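Common to both upcoming complexes is subunit A, partnered first by subunit B, then by subunit C.
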Partner chain A sequence: MMLAFDSSLFIQRMVDGLGEGSIYAMLALSIVVVFRATGQLNFAQGEIGLFGAFIVSTLTLSDVPIALAILIAMVVGAVLAATIERVVIRPIEHRNPGAVVVASIGLFLGINQLHSMIWGPNARSLPSVFPNDADDFFRLFGAPVRWERFGIFLVLLVLLALLWVLFNKTKIGLAMRAVANNQESAGLAGIRVGGILMIGWGLAAAISVLAASLLAPQGGLSASLMFGPFLIASAAATLGGLDSPIGAVVGGLALGLIKAIIIGYVGFLGGDMVFTVSLMIILVVLLWRPGGLFGTVTVERV
Partner chain B sequence: MAMQPRIITRGSVLHRVGQLVLFGAFALFFVRAGLEGDRTGLGLLTDAIILATAVTGLNLITGYTGQISIGHSAFFGIGAYTTAILVDRGWAHGWTFPIAAIVAFVIGCIVGLPALRLKGVYLALVTLGLAVAFPAILNYEKLADLTGGPLGIKNLTYLPPDWTPFDGRADLHLWLFWLSLGIFLLVSLIASNLLRSRVGRAMIAIRDNETAAAVMGVDRAAVKTVVFGLSAAMAGVAGSLFAIKLTLVEPAIAFFTIIGAITILVAMVVGGSASTWGPLVGALFYTYVNDWARTQGEERSIDGLAGVIFGVILILLARFAPFGVVGLLRKFRARFVRVVPKPPVALAGDLPSASAPAEANPSHASTT
Partner chain C sequence: MSTEALLTATGLTAGYGQVQVLQNIDFHVGRGEIVVILGANGAGKTTTMRALSGMIGRRGSVMFDGTEMVNAKPDAILRAGISQVPQGRGTFTDLSVEDNLMTGAYSRKGDVSEDLERWFDAFPRLRERRTQRAGGLSGGEQQMLAIARAMMSRPTLLLCDEPSLGLAPLITQELFRILAQASRDTGMSLLIVEQNANLALALADRAYVLETGTIVAQGTGAELLADDTIKRAYLGVG
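Moving on, here comes the complex of A and B:
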């Protein structure tokens, strides 16, 4: 029986959890951005990100630096998603919400299989943006922390800062918040709602591409890479509240840490049960707060 | 408008004849298929009927009551595993069906409890959690004595009983087809009777306006819980059929994972949610189009082509038939015939067109 508490191992596990949680947080953010615009869960969100990651892999094979490749792929993904919003989603949206679900499942399936069609069924490897040689770590309270993991968390922090500026300091951000709040009023106030929806989808796609490109070096780039993380991220977004970006980040990081704790310290549950346990925790939170931790609870007027 | 659509009152002789013709056409289709007895073709049709049974269940809770579930693969799997576990312990196959229905009903009622507090996408995600958790629970080593762990349970073949006209193993596919069809009809009958009852009206009231329904005295908690249970029971029986058709159950089967839940949901919306014929039409459409896409991919041996084709078809369908195939057919029918509800008795002498608004929203409109 191990009674002594290994604090160095604990810190390492927490940093790993934070790194993984940051990926969930980014994906959850993109889910929330789309949800605020459309009021729907976009099942294809992870696949759009994966599409970008495949583009990154193609670019790096022709010697484009990885960071530049990710930026290019983010732009491509954004344009693709904005087009999807305009061509596929918007014509359906006002007719039947159920049909939007089917369309996004169709997108999920179509894009997912498109990967195998274009890039073949075999997994590829993607280089990491961060230094990941054996000696690329720094010490935190004596525990070695790898840049590869901690770097992802730093990227998340930078992303959050940029998003904060976008939402709070720019005209587009103001318009996006207005559209999320009430599409009709925003339209009456002179905002081009359609354009803002496209920007929202594009922004979400760019974030997903970033998340997928940061995940691929560890998970291996294949058509099935994003399905699990997408489910966890949507659970994270629900935990935080589907209309709250802060909630998405908190939810994503929390699920990453919970996973690290369960795998590290509750060994008898085994790897398969991790997600099940996380879901139980989320269910309890939702029963206590039906709108998620940070979500708005809508009050209906009768 | 070149031609005025002909107006038919619901319940009139003409309306009944129309219903009978439609029903007869379907019956003819199935009987012909059952008598021809082509093994591969009948197997695919049986798959479609089993899917239709599960979709009928989902249609009750999602289509009519408005509570989105992406977790019906779990109920489907619970039914399948109940049958498998009981058959493995020496039960007669037929008797496992009601037990599977009861087990799924009870678990469905319990899962329905969060629906009392959660709405829309939040409920969808909790049920999605159930779909994800189910295969993990099947794999959980502490339950392996019951579920067989990753290996599952095998040898579930259900040979035709002696009282049937079928001849043992040679007619197995015929027996499974007629058995599935019979159970599907029974489930459909229960669903349509439920919908015509007080509970059915309460379900639709909850979907359309929950607050108003509560004000009118609908017991939301009871209706949601029981309908969730019934819906799960139907998916469970479909799972039982699935298990004996496949003759084995194991956690790796796609239909027990989230893929199954999505399949059931897509088949429901593709057919036309909240409609009588929707589940059958949707399940047939899903099964055959999916099979066709798969053949296309195999013939051209291009990786992923099947999925891309099917994905594009789903997107096009969502775009051009947002209320499913049944909704599309209804729109087409509306050019020739308009079915209006029977006018109230006191107004029987009035023009039937007085009740026209009933056709305004296609998702609630009448069936033929």
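Moving on, here comes the complex of A and C:
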């Protein structure tokens, strides 16, 4: 059976893919920010973001406007993550490199349990920052583009620009890159290494909170909301290069598109196929191009 | 050379955890003076440097410019005017040459482009490679970068931890010449720890000999060069 190629449907699927990919890209950015500021990987990143999204839901139930609620939750998430860095991560990070990974997996499980304990087992709904009624769309080449998808994509671009400025044009960004590269030398340069580590974790947490709060209106707010997106975001960060914000965004958008294509055109594989693809990407990148597409492969002459 | 002490360490004791490396050592560095501490591997040279810049726990007294520094944190010590060129250069390998230099100026406020140009003039090789990743520099270039980076904070005392390590003698000589020049130009004091006695003693106003965490000899460069024991141990002659 021949199927006519529906270009309007194709555009719509690509836009959906980019919208969903923007969320993956934001989460991947938070992974990259921690890595770039500290050299560490934090597997609890998604759960910290979800914790913030639950706070957003509590605030909106008390009639706090959604945008303000997200900002407050980003600050709360940042303070929480900075505290975790200081109290949990710092005492163990010099023991061995695996210790931080194991601790962050522990945090992942712990914070996830906390969600159910505080907010109960039932899924909640979260209002969207953007207009998201059935008729809130505009047309691009005849294809309907939902304002919510488009808005999330714009937020991602603004976030990327801000991070680029932070890392490349500010003193604190230079300090973050220095600390990630060589803590001893950073200390000798008068950089307060501990403070920078806390800022790195806090900033990444704020980004995760933003990502989770933008995702929740579509998926529904529940304790398992971030499992899938975080796995995909990990693949996105690996694909783009763990120390490259641009790479995280390209990787995240690429995985969003891959998911849209799988669901749209090879639907018999099932949408969960994107997880298999994600794991394959992680494996293949680590084998053939450990620095990712845009990342730094550390060169060192001795 | 002024004899007024800029840095005076008294009863300095330091180490790592339970292991004490430095035992009660006394030394001083005058204003504008170039002082060398000679010692073999494991004598405690790097520990001395790390104790002075506040990177490890230490006891005793470190008076710097009239202030007690023995409990100060690394950033406070740097701001007070002590900067260190660490052993093995401590290059930020993933950062560009220019960004490496900018980290050196982290503790300063305001425009530092004048200093940047000054050190690019001193080391033209670094200017050619200013946008390149520092990890790709040769050993000599990385040592130049480490010195220039430490100088970006405009220190009154520069600590150099074995600057000759892994470098050809000619390059070491050139680096020492530039360091001595910077000291003459700005009145900066230099404290260099070295294994390579020949070059270091030629540069030094005064020197100490460190053995297993204790100072066993001191004197002017000429006095130590005349000492048979020291010649045998550090100069490979006599």
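Methods note: the second predicted complex is superposed on the first by the 281 of 302 C-alpha atoms of A that agree within 3 Å, B and C clash if a C-alpha of one lies under 4 Å from a C-alpha of the other, contacts with A are read in each partner's own complex, and residues count from 1 in each chain.
Heads up, the rule we're going with is that a residue touches a chain if its C-beta (ideal position, glycine included) is under 8 Å from a C-beta of that chain, and two chains touch if they have at least 3 such contacts.
Values in this document were obtained by computation on a predicted structure and should not be read as measured data.
Asks: Classify the contacts of A:R95 with the two partner chains as first (subunit B alone), second (subunit C alone), both, or neither.
Replies: It touches subunit B, and subunit C stays clear.
Asks: Counting only touches as set out at the top, which of subunit B and subunit C does A:L286 meet: first, second, both, neither?
Replies: Only subunit B; A:L286 stays clear of subunit C.
Asks: With both structures placed on chain A, which of the two partners, subunit B or subunit C, ends up touching more residues of subunit A?
Replies: Counting residues of subunit A touched by each partner, the higher count goes to B.
Asks: Is A:R177 contacted by the first partner subunit B, the second partner subunit C, both or neither?
Replies: second
Asks: By the touch definition at the top of the document, which applies to A:T296: first (subunit B), second (subunit C), both, or neither?
Replies: second
Asks: So in the superposed three-chain picture, is A:Q113 touching just subunit B, just subunit C, both, or none of them (first/second/both/neither)?
Replies: first
Asks: Hey, what residues of subunit A end up touching subunit B and subunit C alike?
Replies: Residues common to the subunit A contacts of subunit C and of subunit B are 300, 302, listed in rising order.
Asks: Quick check on the complex: what are the subunit A residues that touch subunit B?
Replies: 35, 40-41, 88, 91-92, 95-96, 98-103, 105-117, 120-121, 223, 231, 234-235, 238, 242, 270, 272-273, 275-276, 279, 282-283, 286-287, 290-292, 300, 302
Asks: Spell out the residues on subunit A that touch subunit C in their complex, using ranges where they run on.
Replies: The touching residues are 171, 174-175, 177-178, 180-182, 184-192, 243, 296, 298-302.
Asks: Taking the complex as given, what residues does subunit C use to touch subunit A?
Replies: Residues 53, 55, 73-75, 78-79, 83-84, 86, 90-95, 99, 102-104, 106-107, 133, 135-139, 142, 149, 153 of subunit C touch subunit A in their complex.
Asks: Using the touch rule from the top, collect the residues of subunit B that touch subunit A in their complex.
Replies: 114, 117-119, 121-122, 124-126, 128-129, 132-133, 136-137, 139-141, 211-212, 215, 258, 262, 265-266, 269-270, 273, 302-308, 310-315, 317-319, 322-323, 363
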